[in-house]
Amino acid sequence: MSDLLRVDGLRKSFGGVTAVDDCSLTVAEGTVTALIGPNGSGKTTLFDLITGYRKPDAGRVVFAGRDVTGRSPGPLYRAGLSRTFQQARVFPQLTVVENLVAAAGHRWWHLAAPRVSAADRRRAETLLAEFDLTGDADKIAAELSYGRRKLLEFAALLMSAPRLVLLDEPTAGVNPVLVERMEQHVRSRHAAGVTFLIVEHDLSFVMRLCDPIIVLDAGRPISEGDPDTVQADPRVLDAYLGG
Amino acid sequence: MRAAGMRAAGVVKGGLFVLALAVLPLLGLPHWVLNMLVFVLMFAALSSAWNLVGGLAGYPSLGHAAFFGIGAYAFALLLHRQAELTDGWPPFAWLPAVGVGAALLGVPIAAIAMRTRADVFAIVTITLLFVVQTLAFNLRGLTGGAQGLSFPVAPFPADTFERPFYYVLLALLVLAMLLTYGALRSKVGLALATVRGDEDKARGLGVPVAGVKVLAFAVSVGLTAMVGAVWAYYQVGIIYPQFAVDPLVTIAVVLMAFLGGRGTLWGPVLGAVLLEGGQQYLAYEIGASQFYLIAYAMIFLLIMLALPRGVLPSLAGRLR
Amino acid sequence: MHALVQGLILGVLTGGVYALMASGQTLVFGIMKVVNLAQGALVILGAYLSYQLFVSYGIDPFLAIPVTTAVMFALGVGVHLAFLRPLRREDRAELSLLVTFAVALLIEGVIGVVWSTTRRSINTSYANDSWTVAGYQITVVRFAAFALSAGALGLLILVLHRTRFGRAVRATVQNPESARLLGVRAERVAALGFGLGAATAAAAGAVYGLLYPFNAGSHYDLISLLLSIVVLGGLGSIGGAIAGAMIISVSSAVVASTISPSWAPMTFFVLLLAVLLVRPQGLFGRPA
């Protein structure tokens, strides 16, 4: 299995704080890889660096064999690398269908194309059916509950047929029923060939779903392996309990 | 299909609207009514144009009056130098040139000013407004400065003087509304809506954020300049800098869009009808300029605080 | 050469006054993320208040400052409570521009009603005195204005760095969420911050009235200048406001004295665009 994503020596500091410190890791294609670690270990910053929302001070990001260090999120999205945000970000004043269509990664220069064409609608409805959001199709996104907005955010980026999806705390603030649905969707998409890198705090979710698991502490990986190995690693316990 | 039915209804509604407006001047109404209608149309067109960048894109420009003034002066200059340049051409034929010229001027300004957040953008546009006004006063050789710029009076018969302006402004309003309608129903509108909703996320999804913003701005100021040109011609033979480049024009236009509902198709038009009618009434009743200003400001504040979404969206929300 | 240095001197002295006005503006932005388009009108109101105190009671504008600042501090807090606090958070950024502009118009209207539209100026006994230093002219008023502004700015910075209120303000500017968690009452800081902004306008207004003739409509020119300054310097940064004021004031004055006064306003617009081109967040601002 080849490495879909490789991160080499990434570094990012804010003022005096080094959030990501000489971080190197790989994500093999076809895996559901987890990225865990105590608060402040740099996970979201790492996501920001990989997806182009922030520029690294040093290091490289290689996606599908191409060096994409510092490139902006838009082109990366089109190339198949997408992400969700910790606080689910959708377009609040647009309908659910419009949110999906906006994320489809169009060639926008077909400016005169209809806002939501029949073809767009069909694709959106297929996805909505899969995510059991059909009833919400024409609701304004702001009217959805937080958990459903997270599902929407996830569903939307699938419209662009990504190769690698970065999920930033997909279960945070979501009720257990929706957590289970989230897990199912990750599994089914994984079976269809999508690779995942998931940042999570819910360790039982991680242990059920993910392999391998990478543990981050103070901006760099300190352990990696399958769930059992990582659970048994004393350094991981130290990181979570220690100062 | 429901959607096609709605679209047909919309077209019929629009057609009736235009027809009704087209017929009005032929009904022998008194001059002061026609004059008021000319101004209502003018503000409706301006507000619809502003709506493209301030409502659809979510970038509230507070300097549109600068482009109004640029259009006014450009047209006045054209007329001033009539013999050399416009020989044989009917003056209104030059409007598209004014519009395109202003749009082109708007492109670099938008490209720089819209790289920043929306409030910084507003600031840059305000600054542009005052710079243009100051230049209008200072570049005496070009604009005549405070003395004003004079040009040959429009050669239309006195008893139907308002008519040509009325129809040209109606045409501009229809153009503005057609462009808004087209934008709302196309991918451009979706792109603009994402920019308005969450610009960073939109950029992250590959939406050409910079491109659509600049496009919206350029079209908006092009339309605005054309209206300014028509206004200039309507002034009998002379325009002055403090009226051609007037911050109150910007504020009126913005307020109308806000009142009617920014981001909607009919909102700016509704706002213009309500506010321009109200403004004319206020000016008539109160007259003395400073009280007028206070009343205006108070109404303004009331609207902002009570109806932050505007009339049409509030009604739509209640009906849902 | 002489014109250049004279322009420089003029620019620096005037820059101090603008720095004071701009600091109030940028402070309000830093706290509330609100662009206060009424700041220019507040300065002019301050000028009128000083004028009235001078004309009615013979009080020198500099001496009247404690009174005018206190009055306008209260006014600022009042404006915030009446017009800004009622706005919902998601509307606030967009609507505050229009609301503060309406407040500016309101102030302009009230000034016009109370004082009519004739141009005023504060003509103290020393209004026309000047010193000649090394062949360059320095008017007493301008120098005193600069000194006052520098003092007031120093006081402002002291308040921000040495008082509890000041710390609360700085915390809110840097990170509103954390500040709230630490017990800072955001709405209170916002109201007081707006009042502080109005107070700086009062002080600046007193000296502005000594330097230039003014009337109700003068706030338009002022606000566009102030806005350019705070954007250039970086919204929310007081150091930026000072730097921006100096840069714009000096370059405008130099252009006016060496090339022509007509092109001076263009200078600051060009500068603004140039800086935004390279650094959209302004000189000292934080990237979006």
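Read from first to last, the chains carry the letters A, B and C; within each, the first residue is number 1.
Definition applied: a residue touches a chain if its C-beta (ideal position, glycine included) is under 8 Å from a C-beta of that chain, and two chains touch if they have at least 3 such contacts.
These numbers were taken from a predicted model, which means no experiment stands behind them.
Of all chain pairs in this entry, the one linked by the most C-beta contacts is B-C.
Most remote chain with respect to subunit B, judged by CA-atom centres, is A. Between the Cα centres of subunit A and subunit C there is a gap of 46 Å.
With centres set at the average Cα position, the gap from subunit B to subunit C is 31 Å. Contacts with at least two other chains are made by no residue of subunit A.
Put simply, subunit B touches subunit A in their complex at residues 182, 184-191, 193-194, 196-198, 200-208, 211-212. Those residues of subunit B lying in contact with subunit C across their complex are 58, 60, 62, 112-113, 115-120, 122-124, 126-131, 134-135, 138-139, 247, 251, 254-255, 258, 289-294, 296-298, 300-301, 304-305, 308. The touching residues of subunit A, counted against subunit B in their complex, run 51-53, 72-75, 77-78, 83, 85, 89-94, 98, 101-103, 105-106, 108-116, 157, 160.
The part of subunit C that touches subunit B in the complex is made up of residues 33, 35, 37, 83, 86-88, 91, 93-95, 97-99, 101-103, 105-106, 108-110, 112-113, 117, 216, 220-221, 223-224, 227-228, 230-231, 235, 262-263, 265-266, 268-269, 272-273, 276-277, 280-281, 288.
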